[in-house]
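Shared between the two complexes below is subunit A, which pairs with subunit B and subunit C, respectively.
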Partner chain A sequence: MKRANWTEYQKAIADDKYYYARSCIRQNFYPGSEKAFLEILHKDLGRDIFDDPLHTSCTGIGYHSDIVPLETIMTVVARQFSLMNDAGYENFVTSCITSFGIYTEILSTWEEFPETEEKTRENLFKATGREFVKPKNLAHTSDVMFHFRNEIAGRMKRPLINARTGEPLRVVEHIGCHYAKIFPSKGIGGSEFPYVLAGMIESWGGNVVDYPERRHCCGFGFRNYLVQANRGYSIANSHKKLESMAPYKPDFIVCNCPGCTMFLDRWQYTIAEMDGTTYGDDGHGIPVLTYEEMAGLVLGYDPWELGMQMHQVDVEPLLDKMGIDYDPSAKYLGRNGKYIGKPEPAAVNCSSQNNTIYDIKM
Partner chain B sequence: MGKYYDMLMEDVRVREGLKACMNCGVCTGVCPAAEFYNYDPRQIISTVQTRDDDAIEELLRSETIWFCGQCMSCRPRCPRGNTPGYVIQGLRALSQRLGFFVESEKGRQQLAIKRIVGENILNTGYCIVPKMVVPEMHQEQGTVWRWIYAHDKEVYSQFTPSYRTEGAGALRKIDEKSLEEIHRIFDVSGGTKLFDDIERFSDRKAREMGYDGATHEYMMETYTKNSMTEE
Partner chain C sequence: MKKRVAIIGGGVAGMQTALRLKRTGGIEPVIIEREEELGGKVRNWHVLFPTFTPAGEVLGALRSEVAAAGIEVLTGEEAEEFTDRSVKLRSERTIECDAVALCSGFTLFDATLKEEYGYGIYDNVYTSADLERMFSEGRVAMADGSAPRRIAFLHCVGSRDEKVCQRHCSKVCCITGVKQAIEMKRLFPTADVFNFYMDIRMFGPGYEELYREAQQRYNIHFVRGRISEASPMMDGRVQIKSEDTLTGRPLRMSVDMLVLLIGMRANDENGRFADKAGLTLAQSGFMQSRDLFLGNTESPRPGIFYAGAVTAPKSIGETLNEGFTAADRIAEYLGVK
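Take a look at the complex of A and B:
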């Protein structure tokens, strides 16, 4: 059966001692997710993961919008490996899917065209005096979370089950294109049946929704979002996915790519503002989560400590379904409980008009 | 005959991405750009494999090569192991090297991307930082982003000990030595040269179009103009 095809695509994922590379997009839009990932690894799972202040962007967004040459990004990546060597680690994990695709592609290109590795070594040495050893293991952070899915299930405080009905939650999983479409053998489940998020959802009690456009791109398209004149491409492709998944009434969407998470959240806002269309329950949007947020909720973390107030589509309908206790009035507070106002109402939000349940009382 | 084809073949991505296309069109079937634009990646591959200099030069000067979003959905589906997305990367690199990119509206946008993302990489070490995502230019970021943008320190400091300061954590300030290494990497590996090429060719084109060089106004035109939606 096709359903079992993912089992043909397995990959080795290191069990401990990781060098962590942050993501430009995730740290901008989901900094709470990166914090939660490190905390889950350290505190819940007792693993060693090193957060190195010296690494930079891989420059992948520049590379895929064609302003950074291949030789340049190869040398930047080589510097990251050199930093990993300096720190005494061998297992490289990256928070970004674009970066994961970049590292995978570069390691493969060096194998296929050894002269490119030689040139990179020359460039890196000339520029920085550095040398490097390639990582023993390369994984995306969602691979690592998948690797520990059963351990997390053992510590689960809130399964992915509707607390009111007892039914499993219906979850749309969206895999970033560069996770497995470039090198299917480097992703759990390959490119047709990626299992990295589905495995977490199933282990934590939810049901995975299958729908026609499940594998379609979110529509980021690099230059197609970066340049204002091209953004129609981006929203049109998110729209195609949302229209396709809506009849299956998902309780939430979860992504492993930080860009996809942001686009599926923000384009729901834009579509609602443009023509009033919303895709979730009762005229609301469908909450879009990072897999770190999903794991964090399952493990009992507070939604605001996970940074879920930084979403445009409100997550409260999901929190209520899961029976999570949260403080509505704490949602938009700053450091040390400081009041810093709150976002203006929007058509996609629960609190847009006169719904006072989620509204912050002054 | 074949000059541009030979130049394209110097790029390992084109060597990897172009075997022998049988024109089945599966790439076009799954392509998000084909979904949105009048765009056919099959046709691109078909043109490149003719090795015809005139036809390839026309591509290098065209809007067509700038539609692809590099999602690489084409790669796992091609029954012959081609990757149209890789060939596009090679075509764009050559178009910029030869200065042909300024001959199309979409190609001219490279200046905006260079000035926004490219310069940010050199200045901060990141492709994007919150202060770059100006709400007026990013209405799609919604009301929550306006709130985050206005209260960035209060919001981010809840999740990182080092917002815009040195030390480990999200959105930390990258130290001078690391940034210098990145600058030198750009210098020795062709990154700086590409930036200079984009500026130089854009400046020449801007003057031809009546601007006083590649000014901020010219850059903003490349960032916002979309004549495909005009009457």
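Take a look at the complex of A and C:
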């Protein structure tokens, strides 16, 4: 694809010394990814990133659900910045796309309406006695990974290439709406042809798949999902995307938003259970990865260390394609070899999971 | 001693103004054209609405008259700045004069700015200007060389669009869309042709009749709705999403060709010209006339005049008429009868 225009949307991404703001939902959906991000930055790239236990949720989901008022979320965000100041950092990196949208929107609001910023300062001081300095640089974690894509390529152990055929893997990238659709200039590549994930895929040997419903919503959409009666809209959106991408036979999907990763993965199970349709190879699903998992596999991390056993759609077909050595029997062993339980067999999973050591134990 | 008038821009407006001035007998016009030949944007157009008159006929007549009249023409020269008494060229040369006619026209909207349509990225997305070029070259086809079977035209690309800072109506795109749709239907009689529009503004003589003919004789479909996005399909066609606002239903369609009817926007140099010469710009960025009723071809500064699309989007007929009007005003200003 001719992605000539992405270069017009570049942004400054700090090169070191980050203050890390975790996502409240990613830690539940894909807990290994945030750990992998920290490890890759610390161990592989030698960068300073501070994981602060004092920070809180940005309350973005509450804000988008009309539970948390604007004044409140601004004060919460101001407190995060104040904590960053205390820790001696200036570059704020957020792990969640919703949060990234929130921070971007609030910083822009303060720029447009200085009196709102003053009011927030007043609110924060009254509530906590704190003051704050705005970050010098704000980035999403996928921006940071994009920033280091060539360094990671230099350390690559397993490129995004089908080890059996030597062909580049076909990868569907899906970008969270709040990454660049609110402020296109704040996302690499803008909102229509975002390059943040595509750049990683291309740097690591894969091919990006463009398909008719590439820009369509993943199905998360707060109103679609948080209101239980609307969940049919959620799965209908995911279904539309999966139907559209399936003819291109993607080897995996990679997302930079917690909601997108979750819904494109989990709804594949639901669709398979509802009408027996599966979209991947051999009647299984299409694996859905986070960008940290993609980077981790490329750098040679163990897939179970990356937390890939937490996926609804099994990732083993992808691992086999990439020629990655992994221990099938260790899949459901958590920290210190403790068995963490395993899901019931399902159409989107591989039959091999019935033959693991746990079945013998049980 | 004859008076000298510098005409910035050698398109239809500039040529018409120069011809009228020359005929006074007391004025010596000089045309400054940045391209290597006279003609402006019309050089790239195939036939003109609503009569399907070849653009070359109009241009040919004007160029011949300019040559026959012995009007001085400076091609490959671009005006950097001007006052009512001189024009400084980018080549550092200065043209002394007694008055200036600014006839520098407009700029075609850059369709890549409407990224959702994938112009420049997807093979079968074209602009109206591309289509004119293809008509002129005598080869209209999809990127793979095959004949299109379903064609969609999208009106108002880069006009009446606040998101790309083009709030004004470009006026001539509606009738251009009708004209080009008919041309496509003539070339590919079995193809389905759709025009997606906000409003159809048929303001000129014969336009409404052509619009009706497009529907009744050529069976061209008109859908009231904007296209929200275009995406590539596996076979190179383009998927478009829209809403038919008359039926109130969303619409998804695959087409072989998507043609974007691009608008007319103000030239970037208008701001520089205005700063240097003490002129004003309209909100749209086009030059602001002294008065929209009684001084349409005059600037607020004595000795500086306008003709054609430099003040607003206009049809070629209107532009040619303004050439006459501007020339008459200049002659009056210079005291030449």
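Everything that follows uses one rule, which is that the second predicted complex is superposed on the first by the 344 of 362 C-alpha atoms of A that agree within 3 Å, B and C clash if a C-alpha of one lies under 4 Å from a C-alpha of the other, contacts with A are read in each partner's own complex, and residues count from 1 in each chain.
Going forward, a contact is a pair of C-beta atoms (placed from the backbone, for glycine too) under 8 Å apart; a residue touches a chain by one contact, two chains touch by 3 or more.
These numbers come from a predicted model, not from an experiment.
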So, A:R121: does it touch subunit B (first), subunit C (second), both, or neither? neither
More residues of subunit A are touched by which partner: subunit B or subunit C? B
Can A:K181 be said to touch subunit B (first), subunit C (second), both, or neither? first
Which superposed partner A:P247 touches (first subunit B, second subunit C, both, neither): second
What is the contact status of A:G32 with respect to subunit B (first) and subunit C (second): first, second, both, or neither? first
By the touch definition at the top of the document, which applies to A:E192: first (subunit B), second (subunit C), both, or neither? both
Please work out whether A:R47 is in contact with subunit B alone, subunit C alone, both, or neither, and reply first, second, both or neither. neither
Considering only touches as defined above, state whether A:G219 meets subunit B (first), subunit C (second), both or neither. first
Based on the A-chain superposition described above, do subunit B and subunit C contact any of the same residues on subunit A, and if so which? 190-192, 215
Residue numbers of subunit A touching subunit B in their complex, please. 22, 24-25, 27-28, 31-32, 34-35, 51-57, 59-62, 64-72, 74-76, 79, 101, 109, 112-113, 116, 123-124, 126-128, 130, 177-178, 180-182, 184, 190-192, 215-217, 219-224, 226-233, 235-237, 240, 266-267, 269-270, 305, 307, 309-312, 332, 334-335, 338, 340-346
In the complex formed with subunit A, which residues of subunit B make contact? 11-13, 15-16, 32-33, 35-37, 66-73, 75-76, 89, 92-93, 96, 106, 109-110, 112-114, 116-118, 121, 125-130, 133, 137, 139-148, 150-151, 154-160, 162, 166-172, 174-175, 178-179, 181-182, 184-191, 194-195, 198, 222-226, 229
Report the residues of subunit C in contact with subunit A in the complex, numbered from low to high. 112, 115-116, 118, 120-121, 229, 231-234, 239
Which residues of subunit A touch subunit C once you look at their complex with the stated criterion? 1-5, 190-193, 210-215, 247-248
